[in-house]
Each structure stands twice: as C-alpha cells, then as structure tokens.
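After the structure tokens below, expect a handful of questions from me.
Note that the chains are named A, B, C and D in the order they appear, and that numbering of residues resets to 1 at the start of each chain.
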Amino acid sequence: MRRLRMGMIGGGPGAFIGPVHRIAAELDREIELVAGVFSSDAGRSRAAADQYLIDPERAYGDLATMLAAEKAREDGIDFVTVVTPNHNHLPSVKAALAAGFPAMSDKPMTATLDEARELAGVVREAGLPYGLTFTYTGYPLVREMRERIAAGALGTLRKVVVEYPQGWLSQPAEGKQAEWRVDPERAGAGGCIGDIGVHAFNLAEFVTGQKVTRLLADLAAVVPGRQLDDDCTVLMRFANGARGVLLASQIEVGELNGHRIRVYGENGGMSWKQEEPNRLTIHHADGRTELVRAGDASLGGLARARTRTPGGHPEGYLEAFANIYRDFAALLRGEQAECLQGVEEGLRGMAFIDTAVRASATEAGWVDLTL
Amino acid sequence: MRRLRMGMIGGGPGAFIGPVHRIAAELDREIELVAGVFSSDAGRSRAAADQYLIDPERAYGDLATMLAAEKAREDGIDFVTVVTPNHNHLPSVKAALAAGFPAMSDKPMTATLDEARELAGVVREAGLPYGLTFTYTGYPLVREMRERIAAGALGTLRKVVVEYPQGWLSQPAEGKQAEWRVDPERAGAGGCIGDIGVHAFNLAEFVTGQKVTRLLADLAAVVPGRQLDDDCTVLMRFANGARGVLLASQIEVGELNGHRIRVYGENGGMSWKQEEPNRLTIHHADGRTELVRAGDASLGGLARARTRTPGGHPEGYLEAFANIYRDFAALLRGEQAECLQGVEEGLRGMAFIDTAVRASATEAGWVDLTL
Amino acid sequence: MRRLRMGMIGGGPGAFIGPVHRIAAELDREIELVAGVFSSDAGRSRAAADQYLIDPERAYGDLATMLAAEKAREDGIDFVTVVTPNHNHLPSVKAALAAGFPAMSDKPMTATLDEARELAGVVREAGLPYGLTFTYTGYPLVREMRERIAAGALGTLRKVVVEYPQGWLSQPAEGKQAEWRVDPERAGAGGCIGDIGVHAFNLAEFVTGQKVTRLLADLAAVVPGRQLDDDCTVLMRFANGARGVLLASQIEVGELNGHRIRVYGENGGMSWKQEEPNRLTIHHADGRTELVRAGDASLGGLARARTRTPGGHPEGYLEAFANIYRDFAALLRGEQAECLQGVEEGLRGMAFIDTAVRASATEAGWVDLTL
Amino acid sequence: MRRLRMGMIGGGPGAFIGPVHRIAAELDREIELVAGVFSSDAGRSRAAADQYLIDPERAYGDLATMLAAEKAREDGIDFVTVVTPNHNHLPSVKAALAAGFPAMSDKPMTATLDEARELAGVVREAGLPYGLTFTYTGYPLVREMRERIAAGALGTLRKVVVEYPQGWLSQPAEGKQAEWRVDPERAGAGGCIGDIGVHAFNLAEFVTGQKVTRLLADLAAVVPGRQLDDDCTVLMRFANGARGVLLASQIEVGELNGHRIRVYGENGGMSWKQEEPNRLTIHHADGRTELVRAGDASLGGLARARTRTPGGHPEGYLEAFANIYRDFAALLRGEQAECLQGVEEGLRGMAFIDTAVRASATEAGWVDLTL
C-alpha cells in the first residue's frame, strides 16, 4: 500500500478550509497533498504551495494545466479535492472527472439544485469515486448513533431535533471567511441554510437512516442589508412519519459551532453535541441514562474503526474530518465506505436548500422535498 | 406583620402539585396553609388535611362551604390558591373572588380561551389580587435575564429559542399525574401545549419583555390513541420583529424537565436552563463569555430579592415556586410585585394555546395572536 | 400526628444560618418554629422574632428563661435547635437536655474535643434524642451513594477523594459571617478544618460506611494575619485499608461551595458534587458510565424517602437540610433515622479536627485518629 | 523552508504512542517521518514501516545502523524521536546526540534520576536541540494560563491543585500498554508517579512558572501483587510559598484521562481540564467568572500561535501533541520555543519521581526537592 496523492483546488492564502482539508487528508498518512490550483492567480497559488510546504512546481494557476500536468507525471495525483466557494464545485469536479480523476468536494454539492442534478449525472456516468465532506458524519460517536439506531436501539423513531447555532455573522461587517458566503453569486441561493443548515439536514438523515419527505421553512436575513438568509428554522417530516425540527443560525451572538442533535424513538433517546464530541448521552427505555464516551469498550465497529487514541484523549474536528478522508481512501482502494457521503446525499442536500429557500420566500407552508 | 392564611382548592391525596404549592407558599413563613377543599369527596379532603398536618375541621368537601365558613372565622383565610385540573380554575376563582377572597391559581388560567376571557372580566371587576404560578418566572436568574435585557444588555432583540422537553408521556399507559392532562374535558383543548408549552411561551415573553404577535404551530399527538397533542413546535414573531422558536414535547424519552431559553440581541446573547438553574451564561458583544452564578455580587435587584442562600448553595424548583408566593404576599400587603404573572399574562397564555391548537389543526400557516 | 414545636438558640439578626434552619425545619410541615433565644440581647432577640414572624412573647433573652417558660406552657416547645457559634454548642445543648428537651445542633459538635467528650457523656446519660446538621448527608443522592456502597456496588473500597473548595475568605477583610469563624475563642482550634473540613470528613465516612483510622494533616493560615487555618489537606486511611484525600480551602478565589466526593472500589466508582446535587455518576465494572438523576426509578429507598418532586425539578441545599430535620422528627416520633448524624459522628468530627490541627502544627506525620 | 525529516526509535507494532508521535509530528507538515528503529526485531521494524507507509528500506533493526545509514544519505533524517519504554531513553538519546542528531523524547526523561543527571550532562555538552513531550503543555489554553499568570492575572500565587485520575490499571490483568509500565526494570522506580504523576508535576510548574521546592509523598501499590505504585498523593510547596496538592491514580475505576489543574492567587483563580480542553474558567477578583474558549479573540499570543481552527471546532490531544513538535521544529530552525520542555524540566521531573518514591517508601515526611 502506498500513500495516495492529492491535488487541491482552492484553499489559497487566507482560506480557513484549505489547511483543514490538508491536515485531515494527511492525518492518517494514507493521503499526501502534492499539488494544487490554490488560486486562479498563479503567484498566489505558489505562495500557498510555500505555506503547505509542497513543491512549488506543482502549484498551478489553472485547473486544466494541473490536470494535464499531473496526468503526465508518473507520480501524479490520484484524485482531486475541491475546497473552493460553492459556485466552483460543479466546473471543478466536472473537469477532474473528465480527466479521469476521482474527486472529493466540500459541501454543499454545488451552488444550485440544477447544478447538482447536472453533477449527479456526470458523476454517475463517470463511474469514478466521488465524496462530500459532510464533516460531522466523521465523528466516531455520530457513527455510533447511526449504528445503534439502525440496530433498533430506540425502536420506531418519533422525533429529531437538530441545531446548528453560530454567532459569527451577527454583525454586517464580515471578514474574509464570510465574504463569499453572503454573496449569492458565489454561495448560491442559500446563506445560513447552505452553509450550515445543510450540515444539520445531512446529520439528521445520516444518524437516523430516515429520509426527510416534507418540510416547512422559515428563513430570514436578520442583519440589515444582508442578501442571503442568516437564520433558519425548518420543520420536517421523515419517511416513517417521525417529526423533525432543524434550527440553524449565524446571528446567535456568542455561539461558536454548537451543532447538536437529539433523536427520540418509542424506546429511548440519544443526544450529542459537536463542541463536546467525545460523549454521547443515551436514555434507555427502563429509565437509565448512559454516558457513552469515545473509546469505551461498548462502542460498535463504526466508531472503533475511526478512533485513534484511548478514551479520555479527546479527538476533535480535525480527526472527524480525517475520518471522511479515510473513507474516501478506502473507497479508492476498492473497500467499502458506507459512511461516506456522495452523490445521493449531496443531491438531497441541494434539494433541501433549494426547497427551503423557495418555500420560505413564498410562505408556502408544508412542501414536499423532491430531488 | 402576620402570616397570611391560605385556603387550598384541589391538591388532594395523590396530587403532586398540592404539596408543592403548600411548601412554596410557606417556605418564607409569610403564608400558612390553614384550610382547604382538597377533594370534592369530604373523606378524601380530610385525609389530605391529615397529610398536610392542618386542622381537620378546616378540610372542607365543597368550595361554597369553605368560603362561607372561613369568612365567618376571625382567623379565616386571607386568600385561596387553586391547584385543580384546568377545567376547575374558572369556577373556583370566580367563587373565591365573589366571596371577597384574592386568588392564586395554577397555570394555565383556564381550560379554554373563552373561559379565560370571562375570568379576565371577573378579575378586573372584582378588583382583587389575582396571580398565576408560572413557576419558572420565579427563578432568580430568570429575573436577572429579564432585568438585564430590559436594561438593554443585548441591544435590540433578534432571536429567542425556548424549549421544554419532557419524556414522561412517551408511553400510552400513564400514571396518576397524567390522567387528567390527556383528557380534553379536564385539560382543555391543549395537551402538551397547555401543560408545558404555555410555560415556555410565558417564559419567552417574561424574559424578553416582548409580546408575541404572530405564530405558526405544528402540534401532534405522537403516541397512538392519544387525543391531545404531546409534541409541539411553534414559530413566533415578536412585536419588535424578533424571531422565536418554541419547542415543547412530552414524548422525548429520557428528558425530565429540560425547560430552557436562549435569547440573542444585536449585542449579545444569554442562555439558562431550569435543570441547572443557578447559572446563567452571558455572551458579550466583545466576545467574552460570562458565567453568572446565583448569589454573585453582580446580580441585580430582582434576583437578589429572591435568593435565600449564599452562592454555591443550590436553590431549586421549590424556591422558585416560593418566590411567586412571595410576590403574591407582597401584593396582598400592598407592595409592588412586578414579576407576578396575572390576568394579562394568563389571557395571553390561553390565547397562545387556543391559537396554536386551531392553527395547527387547520395547517393555517402564520396566524395572528390576538386576545 | 401534630407538628413538633421547635425553639431556636442563636440565629439572630444578620446570621445566615438561622433562617436556613427555620426553613429546613418547617419545609415538610412536621416542625414549627415557635420560640427562640435568638440573641443574648433581649431587644435583638425580639427583632429576630419579628423577622421570623413568631410570637414576640416567645423571643427570650436567655436560655434558662426560655427553657423554663416553654416547659411551663401547654403548647411549649418539643425540642431545641442550636445554631450559635461553636463555643456555645456545649452549654446550650447541656442546658436543654438538663431541662428535658431533645436537641438538634449545628456542626461541629462543640468548639473543642474535650467539650465534645463531655457532651457525649451528657447526651448518653440524658437518653434524649440528639442530632447534628451535617447538611450534606441530607442530599438524596448522597444517601443513594451510601445505600449502593453498603450493598456492595463498588466491591472493596480503595480510594476516596473528598473536596470542599471555597473562596470567600480569600481576603483579610471579612464580613459578618466570617467574623466568629476566624476567631479561636468562638470557633475553636480549627478554622477551615472546623468549618468545612469536618463536613468533608463526615461525608466521606457517611458515604463509605468506613471509619478513618489514621491521618496526616497539612493546614495553613494562608491569608496574612489570620489566626486559624484557611486551607487544609489531609491524607487518610480507612479501617479497611482504603486511602483517602481530603481537600478543604476557603481561599480558592471564585469557588463557592464546591463540596464533592469521589469513591472508588475494586469494581466501580462514583462521583457527586454539591453544586449539581441532582445527578450522580456511576462507573460500572464493565466500563459503562451511568448517570443517575434525582427522581429516577432506579433509586433506592433512602433517596426516594427524601425526595419531594419528580425528576428534573431541582431540589437543593434547603431541601437537603430539611431532610435532616425530617430524620430528627422521625426520631422524636420513635421511628428509625439511620441517616441522622449524632453523638458518635459528632465526636468523630471533633477528634478529626483536633487531631488534624495538632498533627499539622507539629508536622507529626501520620497519626492515629482516636476518640 | 522544507519539511524536517524524523527518525523514530520505538513505536513498533502494538504500541499506542508511536502512531501518536507520528501524527503529531506531521500534523502541521513541518516534519515528516521517514525512518525508524521501530523494534529491535528487524522483521517487526519492517512491519511497522508498512503500517506507517514509509520506505521499508528505512526501517532499521538497530539504532547504530539507522544513525549511520541516515547520516550517509543526502535526504537523511534531521532528528530522532525516542518513544521507547523509559529505560531506553538514555541510551537512545545519547547515541543520537553522539551521531550529531537532535532528539525529541517521550517523558519521563529517563528511568532513573541518575540516568537523568547523566543525560543532562550529555545534552548540555552536545549543544544540540533536545525536547521532551510533556504533552499537556501543548494545549493552547494551558499556555494561556501560563501567559496570564506570568502577566500577574492572579496576583501572588497561593494554591495549586493538580490531578490526574485514571482507572485503566484497576485490575491486575493488564494489556499490552500496561506491561512495561508496571515493570520496574523498564519503567524505573516510579509506576503511576512516573507515568502520569510526572505530567501533573510538570503541568503545575509550567502553568505557574513556580518551582516546587519541598514535597511530602504518599504512594501505594493498591492492586494486589503490583510492584510499582498505582496511586499517589503528593503535597508540595512552591518557591514563593504557594501550597500544592498533586493527586494521580491509575486505579480510579471509570476515570479515563482526567488530568486537570486549578490555580489560585490572591486575586483570582483558574481551572482547566484535559477532557474538555477548549475551555478555561477564570475567576476574577471582582467576583466575575469568565469562560474563555479556544479561539476567543481575548486569547494571548501563545494560544493563538498554536490554534488551527476557529472557536467551536474542537482541537484535542493530537493537536496539543503536535504543538510540542511545532515548538521543536521552530527550535531546529533557530527560532524561540519558550514552551518546549527540555533538560531542565526533564531533570526536575526525574527528581520529583525519585524524591517522591524514596520519601514515600520511608515515610520521610517533608523533604526537599533537589536536582
């Protein structure tokens, strides 16, 4: 087995998410960043290469050049990862697949649902591995929830409450990271709903194994002058009749990244929150409350396969992110990667964003979620 | 100053809330339980008197008798407290007021909005003190929130999330406490919304000082065979434009009494939860997070006036409840009691229940909340 | 059954602990405060009676008068409670017993070990009920620990860590409550060790059912100019060989009343803390962690008998204190009160204080704890 | 700038700590693992190379060979890292330094104090960079404590409580990781005190900037048949007169890796715990309690320089470990690395272990801590 070689698209100077992808991809040493189009400005791309400590020769100024050059090398990249603003996801992934490279992509899948449908077709036709970094599905205890729920630990599911409070966009003057996220041209039609609401939607479906079939959305741009939504509430129904509530906000001052989920069935309940990711609370039917901790002997196969340290040695966001890349590396090697989010989940996420934005704008009440 | 004498209506053998009212009323020694119609069955009423350790002569089998007998005594009751199921609130309070007795009442005000309107008229006409035990307004740190928000600590309010998760009605077979709460004849049209949703609604208005003007309700009876709702989500708009979300449920297995509230303004945020009532988290505009603890020197007048022990000596539910009775005792003595919830709040609560139940049943979308 | 009538000794204007005893004694309506020597100044004693809302005629200026007067009344007191500074415990309890009145007393038993030995003899000779308010033994979940450990839940005990951090004496200038506590004449030889260290010692023995046989003490007066210790560490050995560590401090700035205890045996561990008293963490031998909550169905008889509200309705310090008075009331009525702390525990507490103070002063290393 | 090349000594199949060092060293891409003597068995060493995905040619079966071979390569290693059991630290570091290679080493410095003294001389003479992975000094909020305390945030320090509870050695039958740790031949004279007690000692000195001058130790082998201590309590005095208590245990069933520290000065207090490493509680002199969170704008330079993600994206144990390697890489590049623990801290740690073990064995009471 050798390390897989990765080329990055995006992630230039100042971007927060580029280094995160780099660390995550390399953490388990199965993948190595070796090339990139870090910026469409060749000089800035080379500056990024310096920061990443990779060969400056392999810092390209445009995608076509990278794909061609890397294809020609014996030690060329094995796949690309796309970490650009949303509007570049479609063209980047398309080009990579066309050149024969598997692709990982930051979420959401694309900027619009139409683009997502197009990309879904392209991916299916290409028959190449494609994955989406829905980061929170990478946490071991999130996978434990999924595994236990699938095994019937809660009985029939009845209720899901998934929240994603943040406060960093509570003021009009935003920094570098905010810039493209509040611009419809680059982010797409969804602001908060596309940036973090879609994480919450994905987490709810991932954990429960149930699909959302209907929703009622209430989105708003709370900060004066903002074009895209920064606060969202969505009521949901799952296929089995379970009820869901999704709260996402970027104007809740003081909240950092408080993503969390609670799931209740007829026989029990579970709750987990991202800011304390190494513990999972489980309420059993007999009234007992169990505190499951990362590393516990009672954990199932999914969690154990994605934990690196003994209990009490906290793993966090980067390790969760790295677990997504391990899934992708496994896929590239021809193994199973049941937890990896791909075309279907990406498309569902875009349908969620699109449906929520439209339904909220027209106060349409309950609407179906269709792809 | 002498202790005020209280007569209880309801609270017979097996009722949870009767002893709670007794303890709360007497905790600060300003009030004493001396009489009661604990049950409409005279024998059971006397049995309750034995449990309460009060004079069995003053355990009555019907309200009219108590009111007449106590009126005739020199050491007769000063006021009544009504702790019956909801459908008895109206007749009990009416009779008491008619006999010249001020009245405290358990929430919600009545079983229906029409009854509440009637009672509001009766109270206003009687000109006698009337209070409602919206218990959670009694917590010192809830009052601290109210005081700080009123003083502008958060700037313009933007967002309120108020939750009240419980799990005790997650199974069809319910115990004594549940019996009347799931029966429309005695509880009124609201199940979960009337039992705990109205607490959450009241808490949101109490803390923010803002009135809800519109709402969108999604209620359901999740447990098969149940007639009244046991799970509720309500989207809200406040008079100043702030957005609110209210979640209440009685089928979230393992949740006990997880009432909590988060409020965000343009300049900060606050959060509090009932199960750890002695701490309040405040997010300041400059990024600092402050942990305010019961008993802290920084607390305002409202909280200080309703705290009995030094910091670190936890006060809880009974002390919060007792604070409501202190408010009522103060009112009876002619003092101010700005935090006491009365006719207006009671009526608003009933309008909330009624509006939510009707709007949900018809999937009416957004509707106005009017009295 | 009628309410027992209590006379208070101490608890005059400005004392924190007097009202706490009053509330605790009366909370369950089994006891009523009817008389008191609240101060040795008759005017101040009457002022206290006004605050307590009791008959001013029964506010006495000296103990002998109260005992005589109350004995003469048909509705006279049934017992006394002593809430004075430590140096008055012995004479007060002695006088009460001599007059035929059972006595409750604040801890520690007396100001000195010699006094305690004297009082132990007096109590045993009198044959009257005597109890000590080691408050923390009143918490339901503390009793649950005791019950489970006694039933062998942890196997052979190995280790106890009991802590009691406070910060309120971190500055030289102390308020009213501090005044007598830092004065050897009134507090006795122990400062922090006598005020809170003895609580921790008592809690450790109460919870484990094991007696401390040896100790090594390290006490200091950290704040310049202070005569008595304000910071203590004590290493301990229990009769079965288990090891213990006791930390108590009053100079840990910002700590309020952080009393807590962790107990480990060969098969499990438990931990509880006073500031969040309604939850108990239990580590089982098989690696599972259980979160036991006040009101849970799994609780044993001791906890259930001393809980007033359903789970999720927090009870706190006053309710724990009230549980001690319920024990005492039960004893007065001829029932069992296995959790009530009395002569033996009082004497052991004084031996602990005395031994620790002397051993620390002489750097004596390990010494036996003997009565 | 290019990536530094690292050779590992130890970390063969089954070792927990080898992969941790690999991940930590590489996380920020400043260092790359390229060679190793992963085992003294050449076959096992190559098996490890396969797991690490490094060139099998560079998996050596003995140290001398690696040092010679790597020295001869143009792309040879820049430094070694020693992750063997304690008794191999001295020979490994000595050989590396003798061959001209800087060395990182797992803690404790050596197996015995005599070895540490020898190694200190060797390091000083060699004049090459040498660092110790006292992991917990790598946490950003630990460095924040250090920075704030050094700046006088707490005034004169008075009290330190540092704890390190674990439960994994509570049974006699231990697994792979335990094997050498309970064997005096390989671990040295200290068991728990050398494995985790020394971490707690180091953390206390690191955070406070104060040196321990005297101590009183109480160590025991609690589990029957164990040769080395598995439970330790140490009383300490710091140079400025501050009092310290250190608790470390490996038999506290259910505890995972509960390392934590509380520091109090005349003007404030701070507390932090490793299992929730992204928050730091600060008690201010004016009574306010501040919750500092990783990523907060208020953080000082040390913390900011070692944080990779925005607030709310939890970093954990691996990131803290990586921060130590960043310090070492900085040192190799000629930059400052004020937080890196080296010869002095290593020697102090060994003196602590040695003094505690001897003082406890002889019940010597208070003894000086001298190097």
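The working rule: contacts are C-beta pairs under 8 Å (C-beta built on N, C-alpha and C of every residue); 3 or more make two chains touch, one makes a residue touch a chain.
All values derive from a computational prediction rather than experimental measurement.
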Over half shared or under half: which fits the residue numbers at the contact of copies chain A and chain B, same or different? same
How big is the gap, in whole Å, between where the Cα atoms of chain B centre and where those of chain C centre? 35
In angstrom, rounded to a whole number, how far apart do the mean CA points of chain A and chain B lie? 42
Report the inter-chain centroid distance for chain B and chain D in whole angstrom, where each centroid is the mean of the CA atoms. 54
Mind pulling the chain A residues that touch 2 or more other chains? 255, 281, 287, 289, 293
Is the way these chains touch best called a line, a ring, a star, complete, or other? complete
Quick check: in the complex, which residue numbers of chain C touch chain B? 1-3, 16, 19-20, 22-23, 26-30, 50, 52-53, 166, 168, 177, 255-258, 274-278, 293, 295, 308-319
Touch list for chain A against partner chain B, complex: 154, 158-159, 161, 165, 167, 170-171, 216, 218, 220, 222, 231, 233, 235, 243, 245, 247, 249, 251-255, 262, 264-269, 281-285, 287, 289, 363, 365-366
Using the touch definition from the top, list the residues of chain C that touch chain A in their complex. 281, 286-293, 296-298
